[in-house]
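Here is the structure we will look at, set down as structure tokens.
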Amino acid sequence: MSPETKTGHVGRSKRRNQAIAFGIFRVLGFVVIAILFVIIGFIVIKGAGAISWEFLTGMPSEGGASGGIFPAIVGTLCLVAGSVLISFPIGVLSGIYINEYAHNNWVVRFIRIMNNNLSSIPSVVFGLFGMSLFVNTLEWGDSIIAGSFTLALLALPLVIRTTEEALKSIDDSFRQGSLALGATKLQTIRRVILPMAYPNIITGLILSIGRVSGETAPILFTVAASFLSHLPGSIFEPVMALPYHLYVISTSGTDIEASRTMAYGTALVLVAIVLVANLVANALRNFFGNKVKMN
Amino acid sequence: MKKAFKRFLERCTEGLLLLSGGTTSLAILLIVLFLFREGASFFKSPNIESGYVLAVHPENPVNHLSPEQIKRIFDSEIVRWDEVGGPAMDIELFRFSDMVQYVPEERLGADFEHVPAVVDSIVMAHPGMIAFYPEQFVAPEQQLKVFPEATIRPEDYFLGHDWQPTAHPAPQFGVIPLVLGTLWVSLFAVIFSLPFGVAVAVYLAEIASERIRKVFKPLIELLAGIPSVVYGFFGLVVIVPLIQKGFNLPVGETGLAGSIVLAIMALPTIITVAEDSMRTIPRSMKEASLALGATHWQTVYRVIIPCSISGITAAIVLGIGRAIGETMAVLMVTGNAAIIPHSLLEPVRTIPATIAAELGEAPKGGTHYEALFLLGCILFVITLVVSITVEIISSKQKSNLT
Amino acid sequence: MSKLAAKDIHFYYGDFEALKGITMEMTAHTVTAFIGPSGCGKSTFLRLFNRMNDLVDGSRMTGLLSMDGEDIYARNIQVDELRKKVGMVFQRPNPFPKSIFENVAYGLRVNGVKDSGFIASRVEASLRAAALWDEVKDKLRQSAFSLSGGQQQRLCIARALAIEPSVVLMDEPASALDPISTAKIEELIFELKKDYTIVIVTHNMQQAARVSDKTAFFYLGELIEYDDTKKIFLNPRVEATQNYITGRFG
């Protein structure tokens, strides 16, 4: 007996199974993707009503139930700038070290594992650590500088990984070509490798801005203030920040219902930051025709 | 001369690079150091409210009570000494504020100088009494037996069933309800998102056309970047009311709300990781299956899914890890009651949410503060285990396919 | 009667024309070898016979390709049915990460065979036909990855034979193997000829000369010469063939 006779009628049923299974997967795929986009759409539509010039540039009043979110925007900008200033140089240098210098596999593996571990630590643990080291031990108090350092630690693994990927994607022949011309390693990196890698590195930077700007737990105890009617005067002062502001006005406050509009608006601003960061990063990626894999 | 300087410069730069390479390791080291330093001193804290002592009749053989026993005694849940290893006697409670019921206020003296003697006489007159009073009134001439200063033991913390950091006279720091709450919420989050996540991953990796994939993949990656507080807010204004109405509950802030929000947040991660692992399966494996007359669907479920099972597992573990550590979204929607969960429709409280909610109120350096740092340590260890597991699982897939 | 027939086949990867009008016929129970320099379209042509190129996005074919006189690109042809009749062995051994037994049984299972006794007998017969039975009969439940490269390739041949195809396509089946494993595979091909029609792509001239009855020489997407293997190797009609065979180019 050959399989032919045994399986004469099977062909149709297996094709039918395929049609059914793929149909289900298609529907599931679309449903899930639709759900995810409903969430974004919801925030965008509800938030759009709250966005106005006064909202973006005004001071909060009535415990967040009215007024604007200007100090929170400024605060988040300060924190993003601070954390990027700290994490970026270190991250890029250490990415260069891992990819260009460290030849000992053991060292590279160790650094990479540490990197992975650091990126898997929950953000609230960073908050605890930041409070213990920066706020209390170093006595910086709740301040922009304490918050920036805490956020910088969080962004560091991301920056390192992007840099590494960017450098890895450059063909070795460029390095050898430059070295063969008598350039030192450092010159090779500075003159040949970095100029080629920097579009991808910038992409990573922008994505990490998106990430940092939305983090709440790390800044809860290191910098964030619920309400300030003035802008910070120095880096040793606390600030308001968008994500914390959203948390505060949506969960506490005198009049939660009245704060809802403000909350939708704040949520939209946060989503918009991430959206813009991604769009810019994508545009850069396409513009330079290179591929960076982020995650 | 110039050359030597140049070489020196190169060396310096290399040193700088090495230093930067070590930053992450240093950061982890510091995190461990600070977290565990603060956390470890928790076990040096007294097991009752600081500044107070417990005393009993000298003939009472009981010398030590756990925070849980103290709480239950003062809540009148334990009413007899034999329940805590003492004699067969009823327990009588004496709080400092009860003093005036026993003696008129004048007898305490202008500066309360007679208090030690009064306490002593009251306790001596009641063999079954346990007294809770400020340390400053302990005096050498007292006959009653003051419990030796005891610290919170690890088992009180790790096996305790009660989390009430501000309870009198003994604050309760039992992490079991928090640990269970965390696992409970995270587990259901993954159970909810797994089938959908894998289905979407299969759809994107195998079924969708290249064009659709190119549009959806970056969009899904973008969703992974939306701040958790935004998801929490969405949960608060949409999912919580839905649950409240749907199940007819007094409050919608429940474990279920937390699980759903976390499931939505975990979806992009699960989809991306699972899809990536399906796409790393060598083309030849797929072709081999098709060449044997298998349909595409048969190839998917007989070859592609089994081959990428470790990638999918890594996605699950990663999802659990993220869910366990997620703070803001959970804090906003779970209702934060520190009780051991019995159903998904009750409020629960997770470890990260507890830290975020309570650290602001805990006095710096106090027992409560240290207890929260210890929670941070637990969280750190859990996620470390998770990340190592992911590492092992994904390196297994790589070696499996080559 | 010819088993396989191609008539004026043009094949395009997007805008790139990989095959430029190929016409040839292959008789049943013969071994036909495809030779030619790298990139000349041998694999592309081979993979047309089990419609493996359907998977390539943006590819296109014109011309008539038939098996037993039936157009295999006709609308009513079910691809999975076709592939049951036309087995394929790939350049690199590509067993599934399953047991040896399950690898061979795979084709039967996906085609709906449930009878475990029948499956076991087919697995044994296929492994015997692939000259692998004696080496693996005691470890059928072990992972296929525990086999050597040569054994894995014979396992892949057994896997292809299990569903009793009438044609077996082989794309450089021995190129990743050591000389001893290669010899075994060649021996095997000779044996299989009795029951199957075999088409084999190879870069190894000696191999083509040893195993094949007919040889086709491809160059830049065109079929330059197709004849009895003896004729091609001893007395080719076209100078390019002569040059290629003697190693003067390619």
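Residue numbering begins at 1 within each chain, and the chains themselves are lettered A, B and C in the order written.
Convention: contacts are C-beta pairs under 8 Å (C-beta built on N, C-alpha and C of every residue); 3 or more make two chains touch, one makes a residue touch a chain.
If you're wondering where the values come from, they're calculated on a predicted model, not measured in any experiment.
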Pair of chains joined by more contacts [C-beta pairs], A-C or B-C: B-C
Chain occupying the most central position, where position means C-alpha average: A
Chain of greatest Cα-centre distance to chain B: C
Interchain centroid distance [CA atoms averaged], chain A/chain B, Å: 24
Distance from the mean Cα position of chain C to that of chain B, given in whole angstrom: 59
Euclidean distance of C-alpha centroids - chain A vs chain C, Å: 50
Multi-chain contact sites of chain A, meaning residues that touch two or more partners: 14-15
Junction residues of chain C - those touching two or more other chains: 80-81, 84, 110-111, 163
Per-residue overlap in chain B, given as positions that touch at least 2 other chains: 295, 298
Contacting residues of chain B [partner chain C, same complex]: 210, 282, 284-285, 287-295, 298, 302-303, 306-307, 400-401
In the complex, chain C residues that touch chain B: 50, 52, 55, 57, 80-81, 83-84, 87-88, 90, 92, 94-98, 106-107, 109-111, 156, 159-160, 163
Residue ranges of chain C in contact with chain A within the complex: 78, 80-81, 84, 108, 110-113, 115, 118, 122, 163-164
Residue numbers on chain A that touch chain C, as the complex places them: 1-4, 6-7, 10-11, 13-15
Residue ranges of chain B touching chain A (in the complex, touch as defined): 6, 9-10, 13-14, 16-25, 27-28, 30-31, 34-35, 37-38, 196-197, 199-200, 202-204, 207-208, 216, 218-234, 236-238, 264, 267-268, 271-272, 295-298, 300-301, 321, 324-328, 331-332, 352, 355-356, 359-360, 364, 372-373, 376, 379-380, 383-384, 386-388, 390-391
